[in-house]
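Single-structure report; data block below.
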Amino acid sequence: MTQSIEVESRTHLDDPLVIGGRTFRSRLILGTGKYGSHLETVQAVRASGAEMVTVAVRRVDLDATHEESLLHHLDPREFFLLPNTAGCYSAEEAIRYARLGREAGLSDWVKLEVIGDEETLLPDVEALLVATRTLVAEGFTVLPYTNDDLITALKLEDAGAAAVMPLASPIGSGQGLLNALNVRLLKSRLSVPVVVDAGVGTASDACVTMEQGVDGILMNTALAASDRPVLMARAMRLAVEAGRAAYLAGRMPKREWAIPSSPTAGMLD
Amino acid sequence: MLHIDVNGKRHDVDDGRTVAGLLTDLGLDGRLVVVELNRQIVRRNELAQVTLEDGDRIEIVHFVGGG
Amino acid sequence: MTQSIEVESRTHLDDPLVIGGRTFRSRLILGTGKYGSHLETVQAVRASGAEMVTVAVRRVDLDATHEESLLHHLDPREFFLLPNTAGCYSAEEAIRYARLGREAGLSDWVKLEVIGDEETLLPDVEALLVATRTLVAEGFTVLPYTNDDLITALKLEDAGAAAVMPLASPIGSGQGLLNALNVRLLKSRLSVPVVVDAGVGTASDACVTMEQGVDGILMNTALAASDRPVLMARAMRLAVEAGRAAYLAGRMPKREWAIPSSPTAGMLD
Amino acid sequence: MLHIDVNGKRHDVDDGRTVAGLLTDLGLDGRLVVVELNRQIVRRNELAQVTLEDGDRIEIVHFVGGG
Amino acid sequence: MTQSIEVESRTHLDDPLVIGGRTFRSRLILGTGKYGSHLETVQAVRASGAEMVTVAVRRVDLDATHEESLLHHLDPREFFLLPNTAGCYSAEEAIRYARLGREAGLSDWVKLEVIGDEETLLPDVEALLVATRTLVAEGFTVLPYTNDDLITALKLEDAGAAAVMPLASPIGSGQGLLNALNVRLLKSRLSVPVVVDAGVGTASDACVTMEQGVDGILMNTALAASDRPVLMARAMRLAVEAGRAAYLAGRMPKREWAIPSSPTAGMLD
Amino acid sequence: MTQSIEVESRTHLDDPLVIGGRTFRSRLILGTGKYGSHLETVQAVRASGAEMVTVAVRRVDLDATHEESLLHHLDPREFFLLPNTAGCYSAEEAIRYARLGREAGLSDWVKLEVIGDEETLLPDVEALLVATRTLVAEGFTVLPYTNDDLITALKLEDAGAAAVMPLASPIGSGQGLLNALNVRLLKSRLSVPVVVDAGVGTASDACVTMEQGVDGILMNTALAASDRPVLMARAMRLAVEAGRAAYLAGRMPKREWAIPSSPTAGMLD
Amino acid sequence: MLHIDVNGKRHDVDDGRTVAGLLTDLGLDGRLVVVELNRQIVRRNELAQVTLEDGDRIEIVHFVGGG
Amino acid sequence: MLHIDVNGKRHDVDDGRTVAGLLTDLGLDGRLVVVELNRQIVRRNELAQVTLEDGDRIEIVHFVGGG
């Protein structure tokens, strides 16, 4: 009896993440690049609890006789695959990749990247807006990777983006959330979900990012470049849940001075 | 014999070969790849209808791990 | 079959926390002060997964006719109760409270506090060393609350402390881990467990603290003064586990520039 | 009649009253409290042996929530 | 003799700041808004050592019979006046204000602001690029206020901006340099001067900003909203010089452990 | 006329630093170890504006035939020399060095160090208190190097220390001010001057340290291990003055959102 | 009499009044302000040439403190 | 001949040599150094009075750069 009540109250702790009409219980989205093997990829995804994973669209390697397909390991019936346009440097190129990804027949979703610079992999927000508008008009569910600029984020929302995905810090840098104020700003002003994408380096980065109130986090290198990716995947699952719960619970106020935890009354003479 | 370009490399196929036939030649499963012919996507249900022509530029892509 | 293998591998992820010969699966220790009710206290303790909780020694209030005992709610067979010497301002006073706590018959453990200043509740480390030596000689298992000074910590270890418990920031301040370097220093030089005690304000504070490699965290106000203590307790449980797992997994290196997560090869012409 | 001090307050008890008796008078469960008599702890198994004397200073403590 | 050599070496410590062909000895640029009086404005400008100050273009208040002109206090022969387009929310509006400012006949320079949002005063970088291109084509020397996005900064440079002026944090927020990495990135990739504009709150913010290697700082509220603006102006002058000198001097490496400053040899027996 | 008034107002901006009855115009104290040469030492000291410099007491090297005395370069009539007890690991040893330093006949001042650990050079505060009490009783003016613990600082003050000198971070680490809260705490509770000693790495560290309200800073490695020590010395002079002025001026409040610097009224139709 | 708009407010001036004349009427120094007439800037050396017409919209601006 | 220890090294001096004499032997300026004899400081004005004895342990120190 107590058990069932507790289970019920647990399910009411938080609403699920809804993007583009699709519901996700996990607020963690995983990239699948740079793991040691397909097996490690899948183990990490499983340990992370992620339901949505990103994939890239690339040429089949015709010289590799028996290249095993990623889809043999990441069953699209178990995981929701989100094709990205990583490596695209113009709106046209990104649109081309998005269309190819959709043609695979899994969904009309795309993680839209239009990169502006090879060294930093920062987005070209002008081109990103152009590509977002085109793809939304073509019926895509567009999740654009962008920087942490509020004005661009508002325009992406206006352009029909299903979520806005600002970076925490550059892709693969592991610098963590460099500008928490900007991310809070975005969250406070957007109606669509805000998913922080890129830059998270370790569990506390994920935790502090979720504490800003954002709806989810997308990460890849923090797991793949960890010494033990599967264990780090588990750490990230816990950290995202921890940060979300702490956000919902409402933290204590910070104070400059101390306040005792034990009663000051009742001391002996 | 036709000279076409597949994923950036020269490739020779017999006259009248379809895209589906090309995939078979390459040992690829048409359900796991997407094909672009001269910058136009070939829908999966048309793979067996479209015949290749000399100078065609083919891109065959699939999903790989990515972030 | 897979299930049992997974369970086994999970148990091998980490060694349990051992203090004074006693083993704890949870690395989170909870204070029990300042909750809204005994019921909330117990719910928070349960949600946190803590096995050890601190209690204070205070006069029975003879005017309260039916003061319900804390022990009715926190069953000593379920939780390991750790009496503290909170509110003591000299070695003598702390020793007196420690003896009274032991007389309750639950254990010979004491969370030893010797406060040096009412405003900041910072420890008087000279007196703390004196009290530690005395209590160790009397057979106590002493867990001293101290500041983040390595030299004092080494002396406490020499004096026989079963663990050393440096603060993250002042008691009840919620400022988080102000000096991560000092805590890493302590951990790298001590053989006994290092449990960070006081100052954690929210889940990310707990997570980042565990990522320094320390053995555990003791907290109270972060839960009790949260808007929803039981939910924050859950957040803290997750955060401590997340930080521990991330520490064990080994984080990716930080870089100033970006590294792509998707392959750079295989792009279309 | 003895005048003693219990937890900082004046308290009167009958001559020959033991510490255990005092606890009973106060409605306290001896298993849940610890008693100090004139700064010396009274072991639980001695509560019934120790008789109070005039001017005794008694402290009766227990565990409360604390951090 | 030594004296003259030292003087000479001092003058070689640093090159002056050159923007749009104009040379400035001071790397501090001051806004002139929100001071208590014209007199305080001028005293603060003098104490700051700034040679360039920004001014806004606004309607003459026809109801104020004897409104004293700012130019009576800030002599354009002593200070270089930089008109801004503050308060403009579109490229067209900003261009209009820029033209009005130029018509005053002092110079063809403009601090170009195109605001994207009233609450945050963050720039609309799409419109900013449009306005920059137009004004550069009209012969303006354009100093655009922008966010800290590298890609936008590179486009502004391509568009002919004479300097690029990224924010440290929102205008008037006093949050300091929130994303030092981004500012270092901009500096490392741009050829035109980088002047951090907005967000500096106190002297250490200015100092740490200059230590990133940027060419200058533009600030206003940090002085005007200080308790003692003229003293804060002096603090800012010193802080900008200190940060610049430290950048040029090259800081010591950070280490986790200690290294003695006094010789370890020569101790007594 | 204006000139003289301004000069007068400047001198009233701040009171001088007074320690042990001695007045210093500069709030920067310099260590003299680890420079490339005696000449560089003196140039750096001159560029820093420091009036007080520390020196160590060491055996004369009898094998070095013509070892030039440091005092030939640092004239005690120009600079106030403060002997230290660096390298001492017990109260007895520190007292022995302090007496030797005093015997040189320059003053009865001592920068008292009692080191507790070779790796971190952190102070042994128990021994430091013992040595302070002894040396104060012998008439010394004692400036103890200590950690950032308030309780120890209060005891040092009670013991008669002429100033209290907490570290910012370990000696020679260049980590900057790791725990600003503790330093503010010390300053708010002590009557004697608080001089932050050790750990400052670059100019902004010095600036932000002074902004906490402390009375001065003692540094060495930040200059000696800079690429250009004399230029860094100048940076530090400016940074200390900047931080002091900003502290006295009173910084603007921080805000989460923006406030315009230019008038919102008077915009065109 | 002409009805014009100056800085957003209705203003009446005599027929044939020039912009320079308007400035004089308003007590403004033409060297310290800039004038826009129907969204076009009036160059300073043309202020005395341009005559106002009914319905003209005038903006007179100057520099104020700003950041 | 006396065998003494100066700054940790064996040193031989003539009988009756004073500390001041030793400093002279070593080419040191008595105003720039401080001397400890068997753990006792020798005041500067006593340097010429104190004669050395066999087995004496001398420390001669001065100021060097330090932080």
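By written order: A, B, C, D, E, F, G and H. Residues from 1 in each chain.
Definition applied: contacts are C-beta pairs under 8 Å (C-beta built on N, C-alpha and C of every residue); 3 or more make two chains touch, one makes a residue touch a chain.
Keep in mind that what you see is a predicted model, and the values were worked out from it rather than measured.
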Required steps from subunit D to subunit G (each step between touching chains, minimum): 3
Remotest chain, subunit C as reference, centres from CA atoms: G
Centre-of-Cα separation between subunit F and subunit C, whole angstrom: 36
Length of the line joining the C-alpha centres of subunit B and subunit H, rounded to whole Å: 95
Subunit B and subunit C, separation of their C-alpha mean positions in angstrom: 62
Centre distance in Å when subunit C and subunit G are each reduced to the mean of their C-alpha atoms: 74
Multi-partner residues of subunit A (each touching 2 or more other chains): 31, 33-34, 56, 58-59, 84, 86, 96, 119-120, 122, 170-171, 175, 181, 220-221, 256, 260-263, 266, 268
For subunit H, residues contacting two or more additional chains: 8, 36, 59, 61, 64-67
Contacting residues of subunit E [partner subunit G, same complex]: 31-35, 38, 41, 54-60, 62, 65, 69-71, 81, 83-84, 86, 96, 99-101, 103-105, 171, 198, 218-221
Residues of subunit D defined as touching subunit A within the complex: 8, 36, 57, 59, 61, 64-67
Subunit E-touching residues of subunit A, taken from the complex the two chains share: 116-117, 119-120, 122-126, 129, 147, 149-152, 154-155, 169-170, 175, 178-179, 181-182, 185, 189
Residue ranges of subunit A in contact with subunit C within the complex: 13, 31, 33-34, 56, 58-59, 61, 84, 86-87, 96-97, 119-122, 170-175, 201-204, 206-208, 211, 220-222, 224-229, 231-232, 234-239, 241-246, 248-268
In the complex, subunit C residues that touch subunit B: 260-263, 266, 268-269
